[in-house]
Amino acid sequence: MKKLQLLIVTSLLCFGSVVAQQNVNNVQLELKQPIQRKNIRIPDIEGFKTLKGDFHIHTVFSDGLVWPTIRVQECWAEGIDVMAITDHIEYRPHKKHIKDGHNQSYNLLVNEAKKNNIILVKATEITRDMPPGHLNALFITDAEAMDKLKVEDAFEAVKKQDGLMLWNHPGWKAQQPDTCLIHEVHKKLIKEGLVQGMEVMNYNEWYPLVLQWCIDYNLAVFANSDIHGVSGYVYDVKNAHRPMTLLFAKERSQKGVREAIGSARTIAWFDQQLAGPEDLVKQLFEASVTLKPVFHSDEKFVYRELCNNSDIQFSFVNETKDNGAPHAFKLEPGKTIVIRLNKDANAFNVTIDNCHTGMSDKLQVSLM
Amino acid sequence: MKKLQLLIVTSLLCFGSVVAQQNVNNVQLELKQPIQRKNIRIPDIEGFKTLKGDFHIHTVFSDGLVWPTIRVQECWAEGIDVMAITDHIEYRPHKKHIKDGHNQSYNLLVNEAKKNNIILVKATEITRDMPPGHLNALFITDAEAMDKLKVEDAFEAVKKQDGLMLWNHPGWKAQQPDTCLIHEVHKKLIKEGLVQGMEVMNYNEWYPLVLQWCIDYNLAVFANSDIHGVSGYVYDVKNAHRPMTLLFAKERSQKGVREAIGSARTIAWFDQQLAGPEDLVKQLFEASVTLKPVFHSDEKFVYRELCNNSDIQFSFVNETKDNGAPHAFKLEPGKTIVIRLNKDANAFNVTIDNCHTGMSDKLQVSLM
Amino acid sequence: MKKLQLLIVTSLLCFGSVVAQQNVNNVQLELKQPIQRKNIRIPDIEGFKTLKGDFHIHTVFSDGLVWPTIRVQECWAEGIDVMAITDHIEYRPHKKHIKDGHNQSYNLLVNEAKKNNIILVKATEITRDMPPGHLNALFITDAEAMDKLKVEDAFEAVKKQDGLMLWNHPGWKAQQPDTCLIHEVHKKLIKEGLVQGMEVMNYNEWYPLVLQWCIDYNLAVFANSDIHGVSGYVYDVKNAHRPMTLLFAKERSQKGVREAIGSARTIAWFDQQLAGPEDLVKQLFEASVTLKPVFHSDEKFVYRELCNNSDIQFSFVNETKDNGAPHAFKLEPGKTIVIRLNKDANAFNVTIDNCHTGMSDKLQVSLM
Amino acid sequence: MKKLQLLIVTSLLCFGSVVAQQNVNNVQLELKQPIQRKNIRIPDIEGFKTLKGDFHIHTVFSDGLVWPTIRVQECWAEGIDVMAITDHIEYRPHKKHIKDGHNQSYNLLVNEAKKNNIILVKATEITRDMPPGHLNALFITDAEAMDKLKVEDAFEAVKKQDGLMLWNHPGWKAQQPDTCLIHEVHKKLIKEGLVQGMEVMNYNEWYPLVLQWCIDYNLAVFANSDIHGVSGYVYDVKNAHRPMTLLFAKERSQKGVREAIGSARTIAWFDQQLAGPEDLVKQLFEASVTLKPVFHSDEKFVYRELCNNSDIQFSFVNETKDNGAPHAFKLEPGKTIVIRLNKDANAFNVTIDNCHTGMSDKLQVSLM
């Protein structure tokens, strides 16, 4: 040790105390992963603000594997505006270790959410066999009240607290392996206005039939992660994204979110697939993609830019024969391509192959 | 065409409703993030297997933010061979919610580690003011025994259980803001053989002076993450890596790990910096980098490939004047560059700028 | 062969002729690199459209290594609006193989540029020893006229064709190894209005002193690539970009570009460094970065989002002591961070460390 | 200017002359794209060295868009060992500008290839209507001799020069839109030993039927890029790769390459598809993938690592029912997965779905 102390004194003479000590005692190396919030570019539509939501998230307080705090950090970094922690009422495998009640995960997060400008919807997951299966109760005030023997009593409690429900993963094979049916109980809950939405996408699954139900019953579509582990290990959060429910809200607030759900103004988005009511999907497409005016022409062709201002990828199928445009092409997020059209082309009708507006319907657009 | 239509009809008979229903009920979309274990390429050295370790990891059972299970998943995916959960004895901010004892995080993991071929070292972090600061007790059998009022009694318990200790982040400014000193207690513990290593890298910090101590006292150097949140949100685990302790072990087992630590056969690695004893660093460099024979020559020059077989980046400074090679260059992981040398060059001595072999020493190599 | 034909016939029976032949004869695999135009997000400033230009590009018609066509493809894909091919008059190492005159590279490109909506400025590089060094003549009509023995005659030809010139890489060590001086010839050309700009960035070099000259003489700053090889092999065109001259133009046209240069309304941009006149840099910063209103407050702090709407990274140094904000931080392209300020903080003055407004000046902004 | 020079002198006093002048005159910014050679990890097989080749490349000397030099740079950076420039004899659209003869592109490259340790095979492309279509003549000595009116005379010249030929893209729809046939001329050339291989992959196309021909006739399979533009703009050279012909050679030399082709010891590789003779594909798979011994077992299962030491991705389909392993999974380059097998499983037979060993055959492997 003496030799060492001598060395330090010597080095002080050469470089000056502050610098030398900094360099020898403690050097800050680079963390290559700065946590900043990704601004996902999805345009607003006429009269509404576009919000991104995930309404199905677990923590260690049910069968999730992370502390609630991590969930706000994830949502914030991934560009999400509104989230709901939906720990199971009936399934709590860590209960031996974590004994708190059903409101605890929310209580631990509420302040963290505020500091990060995240709208936190108080929620829980009622978790039963089919029917009725799993339902998320949103906008509740006390999750303890949903801890009932009879599921009808849990529903009653949601109603009393002025909450609403969404039906989770109706096409999940574990609960409907051979069928995908709406049961009487669901019809009743829809009729009463207690169920106001369904997941058409959950985790990595998507249910075209459920989209059709939402359109037929005028319910909000949802795309939720149902995340149990770490989001960045399940989804490629850098180059892709978790399932997200796009909400078209009058304002960025709890009230705005609830009104958008109640009015079925949502679109489900995951893995470059959009699913929702035709008018909304069309408005979002048109706010995202522009076929610009002719910038050049020669004897045979006119040239126009097709520009994508959003972070959504669109897949085009050209339905007009012999207009000179390619048969099928993808337009990547934030990119532009040049479309060459025959001078005498008088139509450019396309199917947007990744925009689902019904069980077997896709968005049809006339680009000219 | 008629024949074809017939064929399609036939196929409907074969596959029929199931296929159709599958598509409408439940479509599997793509998760872009398959969890597979990254094989980090770091060559073995003569007589020893190179293992990658992280000996400083927290969970919700102290002040971490994830359930223990996540820690095995992270380590496995990131290519780590040996890990230690080191939840604090004295600092448990989630205690209100999680009441289990100090062995619980280990107990929850031990089977998960076995199934993933990860060597799990039983451990805990003794967490005191400086001196003695924070020390990780490794290879213990019962962490409850370290829960003592007097730190000396905790050390005694480690000794009784035949454990060993490493001194964490000696250059941490929160505990030594203006100095970086070894105290009498540390010298005593080293002398007794109870402290067998020190962290020269922790989180994003690196302490050149501590490297010098390890070399002078013949202790194992460690680079540990001290991770509290999610590894992939702190480090770029795809293109970079967490701090890792490279161990040169006689076998891939608990026994092999312990023997390597006891023999100070380790190198610290983070953010393209290596720190350790000169002989080990040199052996690792030479196992990783090869200057191949002349493959071409002309009137003035000979041409040779300099090839990096490892996932470590090396930064070269050419110390031989006028040998024709560039003054400074980096050799990326798994890459090759062509070195052009003067025909009459008779030396190619380099400093490897990112290979630290002492407080202010870097690896010197003669490449010819 | 007979056996094979038999196999095909058999397979026809199973799968139908068209499908079978497609699959067996020719399968389209995936090219992972679709060429689409990147829309670089740099906002317009009040009254002007922001264009991206590169005014220094070579082809095989001088000492470049690609056919002119590639240059339009590169510029288009990289989001460039205006480009100039500046093949050397005096240095044509491929002349033995390519005998065409000095207008050929432009002629081969003019139609390709039109089809891709790229503004192609006709240009050439006058390539002499220092002084005067290398100058790009822009907006010329016939490059042959610059092929003169005496450089004064070349300048005269530029003037006659109503062109203008920019002085290339004044800080290039090959021509000014120990100095960086303006010579009399440059002062004369500036006075005459023939030189209207200088490169403050070229390839990977940046010349702070030349920025000072541009500001003192009111000349346009340029950042050009001087590319000879393939752009994507020199620059990381996916995650970063080539040097670009940002022009603030009244319209997206040749006329608009020329007026912006003549009015010195340009900023140089490369490797996250911006260099230009203070008023322009400030306007661009303010169009890119927004400190949003308080969204949350508690006893001690207010919370505000700092949002970057551009593809430029900004490095902040907090110059106000004790206002609660961090000392230094980077704001990545398209990202948001939360700024926590003391409730009683009444200033938030920052230096934008990567925004150069003079030889040793950086942009100063008051964020509150 | 005087004011400026004063400023410099002032700054000298503060910081010292060298540093100040460097910083003000010329700062080196970072090029984010260092050109280093990627070492593609494909293991050797018993008795042979695995080389990577591309035998179909164009330059400005026919209808390519880059100078020959770029081609060596690309191949070197992409990890290719052996390349052939195959400029068309009959199609030279730039002839108006570039008048040199058919040997010029080779002559310009031969030294550049030597300096980069690339094996450059002298070659040309005989470019005719079908039949015979396009054929690359390799290992020739004078491409001028292939410039003949009658294609038979060109073939004769190849023979005289002791060259050999490969038949390019036999499934190309431009030449065989509705069929994919071997013509009499091809059969004759194969019989004579002049045609020793065929492209089973070209650009982004793959021809399963042609693979079958190669196997039936015992010819070498080729995967070539047929690159005309810039490789990095067509292929994702960072995360993926161009089509490559894997050669299993006795030595890394012209001689070794020729012997491997003559012995049909090649495999075609592109977009995660391998195509070749069963014995070679199997040897390559077995050199790449290892199912390691049991590292853990419990009551029901044994656990084993399946490890991929190569940069090739493999897609597994489990053909053994009820052995506990998943039905289908991908093993990424350089990754490991854990396979859990039933304790009583006595077989683990898999189809490697991306390894083609015939028109409709895939590699079958027994992993236990």
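For clarity, chains are labelled A, B, C and D in written order, and residue numbers in each chain start from 1.
To be clear about the criterion, a residue touches a chain if its C-beta (ideal position, glycine included) is under 8 Å from a C-beta of that chain, and two chains touch if they have at least 3 such contacts.
Since we're looking at a predicted model, the values are computed, not measured.
Set against the C-alpha centre of chain C, every other chain centre is closer than that of B. Summary of the copy comparison: rotating chain A onto chain D for the best CA superposition needs 180 degrees, to the nearest 5. Centroids of chain B and chain C (each the mean of its C-alpha atoms) stand 40 Å apart. Chain geometry summary: the mean Cα position of chain C and that of chain D are 34 Å apart. With each centre defined as the average position of its C-alpha atoms, the distance from chain A to chain B rounds to 34 Å. Counting partners per residue, chain A has no residue that reaches two or more other chains. Chain D makes touch with chain C in their complex at residues 1, 3-4, 7-8, 11, 21, 23-33, 35, 60, 64-67, 69-70, 73-74, 77, 94, 97-100, 104, 171-173, 176, 178-180, 182, 187, 201, 204-209, 212-213, 216, 229-230, 232-236, 239-240, 270-271, 273, 359-360.
Residues of chain B that touch chain D in their complex: 34, 36-39, 41, 114-117, 295-296, 298, 303, 305, 307-309, 330-332, 334-338, 340.
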